[in-house]
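First chain A sits with chain B, and in the next complex the same chain sits with chain C.
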Partner chain A sequence: MGNRMRVVYYMNQFFAGIGGEDKAYEPPTEFEGPVGPARLFEKKLGGKGIVVKTVSCGDNYFAENAEKVKGELLERIRSASPDVFVAGPAFGSGRHGIACATITSTVAKELKIPAVTAMHPENPGIDVMSMPAYVLPTEIMATTMDNVLTRISKFVLKLVEGQAIGDSKVEGYISLGRRVNIIDPLTGADRLFPLLWAKLKAEDFTTEVPLPKYEVIPPPPAINEIAKATIALVTESGVVPKGNPDGLVSWSEERWFKYPISHLDDFTSTTHQTVHGGYENTNVNQDPDRAVPLDVVRALEKEGRIGKVADFLLTTSGNVCTTDSAKRMGCEMAEYLRRERVDGVILTST
Partner chain B sequence: MPEVAKKIGCNRVVKGVAITNPTGDPGLPVEEERSLRRKVVLQALSALEKEVKTG
Partner chain C sequence: MKDELMVKTYDIDSIVFSDRTAYDQGVLSIREGELKALLLEDEDIGSVVLGIARPGDSARIVHLYDVIEPRTKVEGPGGVFSGWLAPPSGNAIGTIHRLSRAAVITCTELSSEGDEYTEQGEGVVDMSGPIAEMTPFSQTVNVVVEVKAKRKLTIDEYTKAVTRAGLKTAKYLADTTVQKIPSGTEVLPGRFTINPDLPNIVLILVVAGTSPTLDTYVYGRSCIGMVPTLVHPNEMAEGALVAFSSMASSSANKTYYYQKNPLIENLHSHHGTRHNFVGVIIQRGYSYEYNDKERIASHSANLARFLKANGAIITSEGGGHILIDTMLACRECEERGIKTAVVMIEQTGKDGTGSPWTDFVPEANLVVSVGNVDEFVHLRPVKTAYGGKKYLKTEIAANAANDVRIKDICCVNSMLGAARVRSVYEDRK
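For the complex of A and B:
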């Protein structure tokens, strides 16, 4: 490839300058040339490539119409005859990460060209990544954009020049379990012993085979007599009493709060609001039952379909929440709910 | 986004209406929206009443 390589670049509606959460339902669209971060990315290619097209889609539209969007974006990308595809970076944004991972993996598989994206290692998009696409790690916040684009551009140039890509830790990408046979001077037995010795001494060591991260949670038994059961409402949608008395934050929250609801049949725009920064809040602010269905659950209690609605709503803001924080909060909430003799939980999420 | 919940290991997952309104729909008249919300909640209750196996 003597000429400059042709790049097609994907980003969500925010980075493409279309709008924020208010435009998250925008369908796929495209721009000629580079837009948003693709402009800086193109500069970093140092004349070796040009971004011929930027494609974009609203995060919510993508999440709710993934199959259709995949197909449509693939055709828009294919029609630009790219040599390389780049998406994101998505940093800590879950929906953007899932969209980037989905389209990058699809392009790699269907168009058989190098395809690279980037996001935080805990982004749920990582679980959607598939080979032969690549994903580079980033911080949670987009403040490191310049550094990330530099890394992506160097990685892309390596791929395009046909250079061998080695171990993920050395090359700076997130391992997806790609297996490449290499000859190691030491046998398996020789490599095993130092690891075992370190483990027995309770010292740090790096395993050669990391086990999957998420634990298997055995499902609790079903509720036998739900007409006698106490059901609690829990949410990560950020619904709080109007005025947000405890200052629940809109992202990266590490606390949860409980608010009394036994005196309420319904949430309204005068009694409650949401502060979650990860979705457009208008619909839920108009009627918070759209995120936490108190009106219906209270009616079912009155009808005798359930025994009782628990006295308190447990709430947090799940936006850009690390898995460690979420797990800790979940355990704390569970302990509280068990003390309150709650039989079952309806936990709502956006 | 039920796929994310299932991936993390949630056993009882009910699909909500939309990201900006999991248990509602501002495009519907009030009574119809209430019915829709009731339908989603009844699905949730049904999940609580059902024995579930992992995997």
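For the complex of A and C:
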């Protein structure tokens, strides 16, 4: 590569100087050359690279249109012929983190160039990071921007020079803890017994699957005046309009969809169906209210027991959905529900 | 009659179609027309296609429904597969015969009346190549029985018809060994002698019980609604448990592994030397309410305590909320001072970077991994496909190349510990 490497850099609307929360719905856009933190980042490359383009998107727009934004940004990035991609740093900001992780992972996979982002280790964006992209750890607050950009620039140069990247603790990146399947010489049944005998004798043993860490999410306070509340229907039961217009899949789904229901008093076998592959579908196809109780909440609405049923159904197929996909979808749905000023949710699962 | 079960093993070196059905020094011949006629006696079955898939063949089996080891009872009360081919009053004493290194594999494309296509997961076995390394049934000579219903059946009728066909074939093949000389004999005791200096270990099998496509039959009856119960391993050897699993082929249990259970084999072989094997508990998984899950799990643990278990091996099958049943059984046992080893799949996503389970308990500090079910594997083109012409719900020919999730490959993620696939951390290079 002799010449200076070409960098394309992503950041949200705030860091790009477009605006704050008021501009979180801005669609994807781009600037020639470096903008915001990309300027300082370019300096840190010490002449070895230039930021040829900065791309940006509003955090909320990204969250609600992820598939579309991914595609659009990818094209904008690809058209600049980058050698390297950088995003963020997102620090503790969840939406920015998810956006950075999403676009960085996409670029790494599709353009096959080094792609690096950075955020706090507990940023929900970590859960949507995927190989072969890298993510470096940061503090929660953006006060350490200078230090972070120095670390990203050093890491990027290493990648571009083809240096082998070693252990995460040594190299300063966040290990994604990737699990891979191997074929062991022994069967699971044969491996089990020495481990159990050791445990029974109170000797040391090493489990084959370390326990994951889940955060405890405290429930919000109860709804004060339920008769004034807007209640939304959300489901993982796979209920969709008849014909499944968006092609919701029956397992391992990673997307969710919203469908209007304000014109309906209930779901019927002519208007809706399910596609979930984890339960026998006949009963729900006969009457989808069995999986999503629109008929009941409409009755409550008419009686004045609740204020209003939200205008839409949020749906996905939760069958064999990974924890990380489910968490990300939940975050995205929650963002949407909050903006629609929904007070409470009836979430049905199967 | 002594309280023991004698098991006579007949090795299979090869299986061929011939003009008569017979076993002769390792060679099993099958008169195709005779076996077909037997299966077509069943008024629910419309057509039967037989095939033989041998280890090393460039061959693939698709639409796999169940795998059964050929066994028959030659001496003693009742017969194999109580509730199906014999009265439901299993009494596992006497003598049974088994064919080793052989299996009956039933295949079908399920559908149910009313034109509602029932979700059926693909089930694949490759007889050679990289996928054969993972699936245990690449090592058995397989008699493939592809079954079609005669008319529209309910999903309950259909799965039972295919089950009957498989069990009948298994007995029909084993019946060829009557009065022949076995290659090996084992006597399985009815009563266990307990060595008080050794720890007592119980096996808790959490089994599927939710619908005709994901169920377990105990003495010919679905386990849905069943409270946890005890069985003796000899009862299982005789076929007391029959699998009904048309989903999650890699992690669902097959009848073969109830008859020939790898954990029970290990429990037997070290009984009296490293531990005492004190029994098998069957716990129905997939109950619908959390109260039921707690009730069932603690009942299971109470049975383990009643057996004076010091340790419990807890298995599962399938995926989804049965894993909650399994984890609860772990918690309840540990709370009663019974140390557990859990056998569990991981669902870390296609990249392997996700969290392994949707739910778990902090007490599950000893888990044997049987692999990530979300990984993709590549199926290469093969010469012959048995069991069906196309991969389920696709237009791709069954003998053509395809990329599928590992969960379609039969038993590779077996939570009975039957296979060798597991997950480990990969350090980034």
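Descriptive notes on the structure:
As a convention for this text, the second predicted complex is superposed on the first by the 180 of 350 C-alpha atoms of A that agree within 3 Å, B and C clash if a C-alpha of one lies under 4 Å from a C-alpha of the other, contacts with A are read in each partner's own complex, and residues count from 1 in each chain.
One rule holds in what follows: a residue touches a chain if its C-beta (ideal position, glycine included) is under 8 Å from a C-beta of that chain, and two chains touch if they have at least 3 such contacts.
Predicted model only: the values in this text are computed from it and were never measured.
Once the two complexes are overlaid on the shared chain, A:P185 sits against chain C while remaining clear of chain B.
In the superposition on chain A, A:S250 contacts chain C only, with no contact to chain B. In the superposed pair of complexes, A:S237 makes contact with chain B only, with no contact to chain C. In the superposition on chain A, A:D127 contacts both chain B and chain C.
After overlaying the two complexes on the shared chain, residue contacts for A:T348 are found with chain B alone; chain C is out of touch. In the superposition on chain A, contact is made by A:E280 with both chain B and chain C.
After overlaying the two complexes on the shared chain, residue contacts for A:L176 are found with chain C alone; chain B is out of touch. Once the two complexes are overlaid on the shared chain, A:E303 sits clear of chain B and of chain C alike.
By the touch criterion defined above, A:F193 reaches chain C but does not reach chain B. Put simply, chain A uses residues 127, 214, 279-282, 323 to touch chain B in one complex and chain C in the other.
Put simply, chain A touches chain C in their complex at residues 127, 129-131, 164-165, 167-168, 173, 175-193, 195-197, 199-200, 205, 207-209, 211-212, 214, 250, 252, 277-282, 285, 319-320, 322-326. For chain B in complex with chain A, the residues that touch the partner chain are 1, 4-5, 7-12, 16, 18-26, 34, 37-38, 40-42, 44-45, 48-55.
Every residue of chain A that touches chain B in the complex is listed here, in rising order: 24, 60, 63-64, 94-95, 98, 124, 127, 214-223, 226, 229, 231, 237, 279-284, 286-287, 289-293, 295-297, 299-300, 305-306, 323, 344, 346, 348-350. Chain contact summary for the complex, chain C toward chain A: residues 112, 114, 116, 118-119, 121, 133-134, 155, 199, 201, 210-213, 247, 262-263, 265-266, 270, 274-275, 310-311, 313, 319-320, 339, 341, 343-344, 346-358, 360, 362, 364-375, 405-407, 414-429.
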